[in-house]
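Just dropping this structure here.
For clarity, chains are labelled A, B, C, D, E and F in written order, and residue numbers in each chain start from 1.
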């Protein structure tokens, strides 16, 4: 795998192609973010029986543009207590990882009939993505772990209390959910056998089960990693119900309280860019990315884009839906969810998948029957997991009791005095 | 001019020295930890360089282990620092003697 | 809002307990204080010295909630029509009057207490130690009427700015048309 | 229940949670950035929440002493909306009084007018006709519905359920349209006045009420789906801001806060006014005294209010909508065109007002937030000599430090929300 | 030529970051400088075709370790500037510098003056002498992950498990250490066990 | 030219073929994206929030983005009576807002003190901050508020407001009368020389 055009040396044409792809991707992403903001405000509006923006441009389409321009021409300030250098650096630290992650996402290409999604431009075979790194998924993990720096440093450098609380929350949240994210991702890697995003899409492209059910990782990995990834991904994005970092009711604006003007716009942009990228990653990992049937009358690679876009839209809507529906979690509940639920579950599921894979590969041979083998291993796995889970929850309960006893307030609901 | 293994090794030696000097000079336990990480990184560069030079993946395997051990070390170390600083807000490595029984 | 028969029943019980009638002749007494009726509501008139003591008795007797504490400035009461304050005999009218309302949830009754506070020494014992619920109410009275509650843990202005001068609800404080007072934010 | 204790202070195990510190001192400490604020624990910091903070319901300000995310001690600072209404009332006639007080608890303006009118009527000693009583009851229960809907909206908002905000307003808007049809105004109606109400119910009011009664139950079921049954919602509210009955009584808390602790105390039932003894309704009571109970109580009180409204609808008597007492009541509009005497009478009532016999009285009603009391002193003139309002929000705010102690910052927001203070009433 | 330029720039970042750590007085800035240094090291890894290690370096060091540093710094509120001019021990700095120079000389001398060594260490650790996985067979565009994984899970499987055990013990130890029971100190729990 | 921009923002430019359309564009953007600060005080705040509800929907005008942090807000809607205690806070929040910024005085209490001409209430918020649009009513209904907002938007788009404000010396030049026991009279100077 890897970029085909890199195989035989680099010349100017390759350079132009690479730069061109980057520029186009940046432009597309910016427009996508603009539309995403509009989409979010419109959809939230509809979910709340409102109209949403409709004055700026047709259907309010230019609302984001107006917001951006307004912010660009607004007065800027750096608080006197702020750490000037870091304060100015933080928005870019937040934006750049958001953009870079998009580079590894295959956005189009014909994957039907065993195609590898490549197209030919200037006589060069290439994928429709900025770069197909051999370790693309690791790149995604690296970038998402860097994204927290922007938020953290923004909060710290503002030099006031609410932003600082926001950044402490951001740090804890990022550390906690990175693990769950990685573990659920590992399940995908296990079944795909590659770290390249293009390879992952290719692995999901072929003939489906029973003819109609697609070979998506969603089904192959058995839903659980997807659910974990979705939750952990939402938490990584700091979107509701995990938006504690900027919880308006608690922390005014959280980490960006002191930011105004263009620097605030950059945070705003990064947040929505992250949302788009995260949706794209989910689509790539679990829903086959641009892979889909080629229905003719359009070029094959364009069909890839159509499928990709439709799938993307579903997840963008999901994130907006979360925002409109769910109350915010509390800090400790967030931590509990991450450490006591998501990480154990995704770890356990990963072990089950690995065991099943070993059986399939014939490396565990308990009974002669192949099906019987699989069943046996699965049953054994579940037995172990149930025991493990029970022990874990008992431990958690015991710890909580102890902690409450320590504080001297074992929660006994007061009966009250009825008159 | 070509970048040879020697370049990497010299760089690594310099980085190690910086970490070493920092460890001796600074009194803030957090910064001292950071210096230890610098030294570990210097060693990592050496490992990778030798892995390439000797055409053996064992060097890279070693880097992997160093990474993991560094993570473990930081977890324990920072726990120590937190426990210490809660008792006494800052901020010198000399205060670590407080941990004696 | 008239009291029911049940109320009168309770009242006689209370009198029986406290053994009323060591003060003025014909004067109904409750907890050692003269008691009057006002629009069908019972009002007791403790003296300022006995205020804390009476409040303690009230709590013991089941008046379990201090609903309200307020004060009236009777400086200009007899304006125009020459109205007279109706106070039971033995109660010396003063400029200020602290009015507290108590409630008994069990008896479903209210009781009001009016304490006379002189103008030259506007102090009165605080109820905080007995009824902690009177905390803010007493602060409000202090803020707006300038009556000092002795023993209150945090007697400070509550509604007006801390640096405000004067007590607005006093009758010698003009109601309005005050030039706008404005201080620029000192530190930003 | 016989209580023989000598001080209710002992009932407050968390009374150390009240921050006793002057604003000036706090400002000094806060200026010293992140500095320790003294005491045995120097890890804490002082945070200022408000007076312009999204979750403080207007202009409440809280000084919080925090250890990381945990609230240790706190002090509500009020007065940022102090309007001087009690002073203002001394300059206004009794007929103008409701105009003044209605701007107090702006989420439930009719209750303010009601309590002032009841106090005035008690002083004058007039009876008001049954239709006026029932209209008052109808309007007040409607107002209770709209006020609780407002609570639903803000409570949802404070916990991050942004859509709930809009849904709450959506339903409230329908109630406001009914108010507008009856009183001419969406808020601050000045509708209930001494002697009755300002105007009779308009034609077609039954249809409007029926529409509301039909619409609301479905919407309340939607709330149940969106919030009551939602696990995150329950996690956020259950066991948060617990207060016991003893504490609530000691702190003079009333209304849903008191009821959430299990004390079934509702002035409408226990010290009835208007025609409440004649209608059937239940007092909703909680059992744990936590924020969830307060939420659930308010949600179900909407349902109880709808029951009362339905009974008002069925039993609304015919007759006058204000007392036919020439002293208090202005002549009807039609008579003014015909009779010079009526014109003069009208003029006099609205300029000079009517005189009220001297005396003093305390009247209380059950507002959506608790016991709303009015202490009225008359010296026989046309203006009150002294008017004092006992605002339930004001007194209920005292419970905040006790409920917030040892909770997280997010809990503090949920607790403020569950107390549902209206700052106009707190500061008056 | 391109790789020389890249190396020089990266080397400058690595060393500059390292120097930043020891001269910047503000811990947060020192941590940022540390991140820069780590990034440089990651780029060096990429230059040596160790892609997997490069990204793991970023994820583990920049994404976890330094974040943890910053978290502790913010949590403890020790982000004030430290006075680095004051010297706790007289003559400590020159001594340290001298010692540093000696260490540098020692390393460089060891590197350039010593002859080729044997495989004894690896033999002692793994009991295997032969090279299992030559790097040179990897193609340019492929990741080194396969060969690394093979080496890890065959020759070094005992070491992997020992490391896993170490990590577990470290985590448990940290939690136990930070949770002091019944003390009068504030409980600042590990991020995983937020207090209630 | 640069100094002009630094002093007066975009309005200080000598307009030519290029900058004039640019200013129009910026005016358009500002009018369509004026985010309000959450600054509810009293009864009017309830109506302000009701205006955000589904019946009236401020979002149509791009204004559902109520910013809690004054740094990011453009319009301060002073909704309700301003007490003497609140006045310095209000002024501080106004100062924390970034230029260009606008103020809507919502309701009679904010505009003139309304029926509360007494010791506690500031008789008109324009004594503290420069007000651009006054919305009458007690409280003004959502329709009135929307009318006030669209009026403001028109003025923003035409750039009139800043010009007018400049002519008046950037806002409320008010001398504060001395009250017994209070400090010396102060001149409240608004403007860009902060």
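To be clear about the criterion, a residue touches a chain if its C-beta (ideal position, glycine included) is under 8 Å from a C-beta of that chain, and two chains touch if they have at least 3 such contacts.
What you see is a predicted model; the values in this text were computed from it and never measured.
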{"item": "Pair exhibiting more inter-chain C-beta contacts, A-F or C-F", "value": "A-F"}
{"item": "Chain whose mean Cα position lies farthest from chain A", "value": "C"}
{"item": "Furthest chain, CA centroid comparison against chain B", "value": "C"}
{"item": "Interchain centroid distance [CA atoms averaged], chain C/chain D, Å", "value": "23"}
{"item": "Intercentroid distance (Cα basis), chain E paired with chain B, Å", "value": "5"}
{"item": "Rounded Å distance between chain A and chain E, as computed from the means of their C-alpha atoms", "value": "27"}
{"item": "Centre distance in Å when chain D and chain F are each reduced to the mean of their C-alpha atoms", "value": "31"}
{"item": "Multi-partner residues of chain E (each touching 2 or more other chains)", "value": "56, 64, 68, 75, 77, 186, 188, 195"}
{"item": "Residues of chain C engaged with two or more neighbouring chains", "value": "105-106, 159-161, 168, 173, 175-176"}
{"item": "Contacts with two or more other chains, residues of chain A listed in rising order", "value": "48-50, 168, 248, 252, 331-332, 419"}
{"item": "Chain F residues touching chain D - in the complex, by the definition given at the top", "value": "38-43, 45-47, 49-50, 52-55, 66, 68, 70, 80-81, 83-86, 89, 93, 115-116, 118-121, 138-139, 141"}
{"item": "Chain A - residues contacting chain F, complex", "value": "41, 45, 48-56, 60, 62-63, 65-71, 73-77, 248, 252-253, 256-261, 264"}
{"item": "Sites on chain A touched by chain D in the complex", "value": "44, 47-50, 81, 159, 161-162, 165, 168-169, 240-241, 243-244, 247-252, 323-333, 407, 411, 413-419"}
{"item": "Touching residues (chain side chain D, partner chain C) in the complex", "value": "1-9, 12, 15, 18, 20, 22-24, 31, 78-79, 82, 84, 86-88, 90-91, 118, 122-123, 125, 249-254, 263, 265, 270-271, 273, 358-364, 371, 373, 375, 377, 379-381, 385-386, 388, 390, 394-395, 397-398, 427-428"}
{"item": "Touching residues (chain side chain C, partner chain F) in the complex", "value": "159-161, 164-165, 168, 173-185, 188"}
